[in-house]
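Below: the structure, in structure tokens.
As written, the chains take the letters A, B, C, D, E and F, and residue 1 is the first residue of each chain.
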Amino acid sequence: MPYVNIKVTNEGVTSEQKAELIAGVTDLLEKVLNKNPATTFVVIDEVETDNWGIAGEQVTLLRERAKE
Amino acid sequence: MPYVNIKVTNEGVTSEQKAELIAGVTDLLEKVLNKNPATTFVVIDEVETDNWGIAGEQVTLLRERAKE
Amino acid sequence: MPYVNIKVTNEGVTSEQKAELIAGVTDLLEKVLNKNPATTFVVIDEVETDNWGIAGEQVTLLRERAKE
Amino acid sequence: MPYVNIKVTNEGVTSEQKAELIAGVTDLLEKVLNKNPATTFVVIDEVETDNWGIAGEQVTLLRERAKE
Amino acid sequence: MPYVNIKVTNEGVTSEQKAELIAGVTDLLEKVLNKNPATTFVVIDEVETDNWGIAGEQVTLLRERAKE
Amino acid sequence: MPYVNIKVTNEGVTSEQKAELIAGVTDLLEKVLNKNPATTFVVIDEVETDNWGIAGEQVTLLRERAKE
């Protein structure tokens, strides 16, 4: 009965990509730990780039700088 | 000083239902563990059905199938 | 398919008390939101008092002061 | 490689304040534990006042009462 | 810069299995969302069976019943 | 009433360092967002290096390699 939480920045993840993440993580837990898919939960959180910091800065700034 | 996080799918939970969950969990922690309600936090997260997976599939698909 | 995480300080919670918390939260979600107990997860984390802060101080200190 | 999650109520936190929180937490972890800022993540969650409970009540109610 | 948290019951997960989970999730995020492995974090929590509830009961009880 | 969760690897964090993190984060939230320290919670999780992955590998391996 695993519970998996995936946090990524909110930058256009499609429903199809979410379905792939859910299927992929569920398969991995069955393959590696023999966990039953029926009781495997996967929750995806999409976090605004203003709300995610790395290296002391908002991801929003990193993205702007990368475009320059 | 307990901290409780409740994650449910975002399917029309009303403000009254949220109030019931908050009161109910706070009472339970006082009754079972004698925790002071004044420092009991409850945070409810409502997760889109596209972002919640069970049995390797998005809840969105389970809901559509249930309607058929 | 709710997921509930309860964090309390690690101060002698018994297995029976954990069972009461699990049963109580699961019942509450069924009563308030009609959630199926079969797919309701409850995870309890017991946190050392040195690792929990409130009002800028470790709970360990609060407990020592309360004994004086 | 610390991971820090800050949850606050959704009551008008500005992008500048988020940047201050991210910079401040990252600095603190470098100062206290010598953690490399390059691999320090900070994620801020803004929670609706209806979804945050304290003392068994929604923060929304506490705010209304404080205005009276 | 994804952050993934995997919670499983504490029932003898080996270091090799943890390494497989970490590698598998990191690969999946690169494949599906083109996320850079260098800034992908995976944190595995092993939860005591007394502290994990499903269907209103501790997993400890489910395991005992399964042995009978 | 903020809630802050700090996850670091379990590599000898002292009680004094935990106290500094708790005080520092609580001060930061008061300074930046005017949050009341009395209802600011900080929870520190120490994660085994085998259970923390970055760049697809366990931190345990990164530490061993760094010693060579």
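We take it that a contact is a pair of C-beta atoms (placed from the backbone, for glycine too) under 8 Å apart; a residue touches a chain by one contact, two chains touch by 3 or more.
Heads up on the chains, UniProt names are A, B, C, D, E, F = Tautomerase.
For clarity, every value in this text was computed on a predicted model and none was experimentally measured.
Engineer: Provide the labels of all chains in contact with chain A (Tautomerase) and in contact with chain B (Tautomerase).
Structural biologist: Intersection of chain A (Tautomerase) and chain B (Tautomerase) contact lists gives C, D.
Engineer: List the interface residue numbers of chain C (Tautomerase) and of chain E (Tautomerase), divide the shared ones by all numbers used, and answer same when the ratio is over half, different when under half.
Structural biologist: Counting shared over all numbers used gives less than one half: different.
Engineer: More C-beta pairs touching across which pair, B-F or C-F?
Structural biologist: Of the two interfaces, B-F and C-F, more C-beta pairs touch across C-F.
Engineer: Just the number, please: Cα centre separation of chain A (Tautomerase) and chain E (Tautomerase) in whole Å.
Structural biologist: It comes to 14 Å between the two C-alpha centres.
Engineer: Please report how many Å separate the Cα centroid of chain A (Tautomerase) from that of chain F (Tautomerase), as a whole number.
Structural biologist: Computed from C-alpha means, the inter-chain centre distance equals 21 Å.
Engineer: Could you state the distance in Å from the CA-based centre of chain D (Tautomerase) to that of chain E (Tautomerase)?
Structural biologist: So the centre of chain D (Tautomerase) lies 26 Å away from the centre of chain E (Tautomerase).
Engineer: Going by the contact rule already set, what residues in chain B (Tautomerase) reach two or more other chains?
Structural biologist: In chain B (Tautomerase), residues 1, 3, 7, 21, 25, 39, 41, 43, 52, 54 touch at least two other chains, as defined above.
Engineer: Please list each pair of chains that are touching.
Structural biologist: In this structure, the chains touch in these pairs: A-B, A-C, A-D, A-E, B-C, B-D, B-F, C-E, C-F, D-E, D-F, E-F.
Engineer: Over in the complex, which chain E (Tautomerase) residues touch chain C (Tautomerase)? Could you list them?
Structural biologist: Checking each residue of chain E (Tautomerase) against chain C (Tautomerase) gives 7, 47, 50-58, 60.
Engineer: Give the list of chain A (Tautomerase) residues in touch with chain C (Tautomerase) in this complex.
Structural biologist: Touch residues, chain A (Tautomerase) against chain C (Tautomerase): 1, 3, 39, 41, 43.
Engineer: Quick one: in the complex, what on chain C (Tautomerase) touches chain B (Tautomerase)?
Structural biologist: Residue list for chain C (Tautomerase) touching chain B (Tautomerase): 1-9, 13, 17, 20-21, 24-25, 28-29, 31-33, 35, 39, 52, 54, 59.
Engineer: Which residues of chain E (Tautomerase) touch chain F (Tautomerase) in their complex?
Structural biologist: 15, 18-19, 21-23, 25-27, 37-46
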